[in-house]
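Both complexes shown next keep subunit A, but they swap its partner, so subunit B is in the first and subunit C is in the second.
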Partner chain A sequence: MLALDIRNLNKAYPNFQLQNVSFQLEKGYIMGFIGANGAGKTTTIKSILNMLHIDSGEVLILGKNIAEHEIELKQEIGYAFGDIDFYTRSKIKTLTDVIKKFYKNWNDETYYNYLRRFKLDENKKIAELSTGMKVKYNLALALSHGAKLLVLDEPTSGLDPVARDNLLEIFQELVVDGEVSILFSTHITSDLEKCADYITFIVNGQIVKSSEKEEFIESYRLLNGKESQLEQVKDQLISYKKNSFGFTGLIHSKDFDPSSEINAAIPSLEEIMIYFSKKEDSYV
Partner chain B sequence: MNVAISNSSDKPIYQQLFEQISAQILKGELESGYCLPPIRQAAQELRVSIITVKKAWEELERCGLINTVTGKGCFVAEFSPDEILQIRNETVLKQMVSDASYYKSFGLSIEEVVELLKKIY
Partner chain C sequence: MYNLLIKEFKIGVLPTFLIMPVLTGALMFVPGWIYFIVLLYFCWITIPNMFAGFRSQNDLMFTFMLPVTKKDIVKAKVYVIVILELMHIVIAMIFGMISNGLYSNITYYFFEPHMGFWGLCFVMFGIFNIIFIAKFYKTAYKYGEAIFVAVGAAMLFAGVAQWLGIQSPFLHDIFYGDGLDNMALQASILIVGIAIFIAFTMIAYRVAIKRFPKVEI
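Our next item is the complex of A and B:
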């Protein structure tokens, strides 16, 4: 069963467009959604939540079309964006009392558990919260109504390493019984190396690849060679950097001939992102 | 069952899991019938992704080291001493293949490799 099924999403803005964005998330797994700033992560996430009008395409959540079943599906979705910018003069307590009325399955016990875990004081005003605390408050709200799908936009940015680690631990706890699925966008790729099952990579409004994490990483190789070897592979490289010791470049594993003498290593997610962004630059 | 995962190692995590668990099975530290933790629980405790653990378990099963009983879990298989020898040799051989190509890249002959091995063994 698919928790999330996105098919051929298109949305054009004057200077940017999502083109045929499609990917699927199996129920019970964690997917990391990566891409540079402005690549289309938030636009995609907003489309998933029916927060903007898409030009064409379909978003199915737990098998149902979000555009047709929005009210019903929103009960099943927990979502969090980095910031809260409404009712900033209210206390956490007051705001929660308003929000919880919208959810049939709101669970106070779970909510207070998360408040304790995140060390949030419900008598504080929203305006008094630090960035990290706002993120945590948002997550506490998202996690307290028994959501089956969590859609989180950069939940870890603004959090310190300890808080990030705690959050990833919570994510893994949530998926243990296979009922909850998580899609989260990030540009902190080390978070994903630990806990994500799937990676979806978006560059300039188009999905470059969406697959299991290990398969994702394995499908690229980072080459390290002498300048004289560059010519052999130059045409196949996604992008490369030259320096006085030679060159380093990223290549699709299928394009690389392992019998060549060029040193090839398995790249990190971060390296993959960097070389893809260099490719974009070279077109400009 | 003891497992120590290194995030900085070059080896993929599923392979680290596979190697460490298979070694414990082959050495008899995990006896036949021992029940491996469920995939999702192991992933949570080890702080790795679910699919990573799944891959390691699948690899163990492919090598005949564990059996999956649907709905019950994964159990260490039963072996005769001969089978253990055979699986052990196959496992070691895999590592040797990559080592051998490394030695060859330096132009070492088999005799030289054996001489060197004797020194450290």
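Our next item is the complex of A and C:
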């Protein structure tokens, strides 16, 4: 079953547009949603949550259209926006007391278990929590009302490496029994190398690729060759950089001829992102 | 809807705004003052501060993510405004009665706090609501301009009403001297005022629930 099914999403702004954004997330998996700043990650996420009026397309969550079943589906969605805080001067206790009344599947026992596990003190104000703790508090809320889909916008941005690693471990534990699915956007690609099952890559409002992580990385090669070899592959390269030793460039695996003498390596997600953004720049 | 109201009063509306009706209401003890001002403090202080608070706490996004309809989001906010307005009016009325008893020998140049005057106050709040609520929900974000225009209209109404009360012999007879003893007349002005307040607020709500779904969050 699909936790999230996005079909041909279009949304135009004066200087930016989402074009035919489509991707699917299987239930029980983690999908990393990557792209440079301004590539359309947050716009896509806002469209998923029905915060924007999309021009065309469809968003299905757990098989139901969000536009038609918004209230019902919000019972099943948990969210965290890494850079937006709500009611920071309120205590956790006060805020939870307010929030829990809205959810029919709220479970106090689960909630207190997560508070203990995440070492969250109920009597602290939101403003007193570190960035990582705020994300954990949002997760505790989401899981206590039985959210099946967690939509997290940049939950790890602004966290130190230890807190990030800790959070990623939690994400992985959450999906273990196959009930919870996570979509999280980030520009910190190393996070995804650690925990994502699927990768969706967006550049300038368009999905470049959405697939299983290994397949995603496997489909590109990072070439490293002498300047004289550049001409052989120049047309097939997604983009390249010249340096004093020659060049490095990114190519689709299918376009690469392994019999050529150019060194080829499997790129990291970060390298894929960088070379794609370079390609965008060259069009300008 | 009930949960949303609880939410508003637990985290959205600061306790200060609940004490304000008593503080501003106490101004009813200033003898012979322009008592419209007592209620205008609600529009000048409470509304701007409260909506600034909503904005700085990202209330719109917070509320939107809860499993509630957009209609209920608007309805809860309208209820908050109306509840606070009623608190302001009722407490000012009580203090007005006490004030009336305290100062029996003063000359009122401006409206004396009687039922007819309170009827005018309801109309003033009705005018404020119909402009503020309807205008605010065009964006659900920009409260400044909405408040500016709504306060301007409410003050204009208060000013014109007061001026006519002094200048027009007909209105002067109603709101000053013997006219105040005509209970039936005074009560009917109050009732009409309340009816206008309800009608204007409901129109404001209808316009707001049409506009709010078009807002992008």
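Worth a mention:
Keep in mind that, in the parts below, the second predicted complex is superposed on the first by the 280 of 284 C-alpha atoms of A that agree within 3 Å, B and C clash if a C-alpha of one lies under 4 Å from a C-alpha of the other, contacts with A are read in each partner's own complex, and residues count from 1 in each chain.
What we mean here is this: contacts are C-beta pairs under 8 Å (C-beta built on N, C-alpha and C of every residue); 3 or more make two chains touch, one makes a residue touch a chain.
From a predicted model like this one, the values you see are computed outputs, not experimental measurements.
Subunit B and subunit C, once both complexes are superposed via subunit A, fit side by side. In the superposition on chain A, A:Lys74 contacts subunit C only, with no contact to subunit B.
Contacts of A:Lys46 after superposition: subunit C is touched, whereas subunit B is not reached.
For the superposed model, the angle subtended at the Cα centre of subunit A by subunit B and subunit C works out to 160 degrees in steps of 10.
Applying the stated contact rule after C-alpha superposition, one finds that A:Thr88 touches subunit C and leaves subunit B untouched.
By the touch criterion defined above, A:Lys213 lies against subunit B but remains apart from subunit C after alignment on the C-alpha atoms of chain A. In the superposed model, A:Ile99 makes contact with subunit C only, not with subunit B.
Applying the stated contact rule after C-alpha superposition, one finds that A:Gly178 touches subunit B and leaves subunit C untouched. Within the superposed three-chain model, A:Glu169 lies in touch with subunit B and out of touch with subunit C [touch as defined at top]. Of all Cα pairs linking subunit B with subunit C in the superposition, the shortest spans 30 Å. The residues of subunit A shared by its contacts with subunit B and with subunit C come to none at all.
Contact residues of subunit C toward subunit A in the complex are 3, 6-7, 10-11, 57-59, 61-62, 64-69, 214, 216-217.
Residues 7, 10, 12, 14, 40-41, 43-44, 47-52, 55 of subunit B touch subunit A in their complex. Contacts from subunit A toward subunit C in the complex involve residues 46, 49, 51-53, 71-72, 74-75, 79, 81, 84-90, 94-95, 97-99, 101-103.
Considering their complex, residues 28-30, 168-169, 172-173, 175-178, 193-198, 212-214, 265-266 of subunit A touch subunit B.
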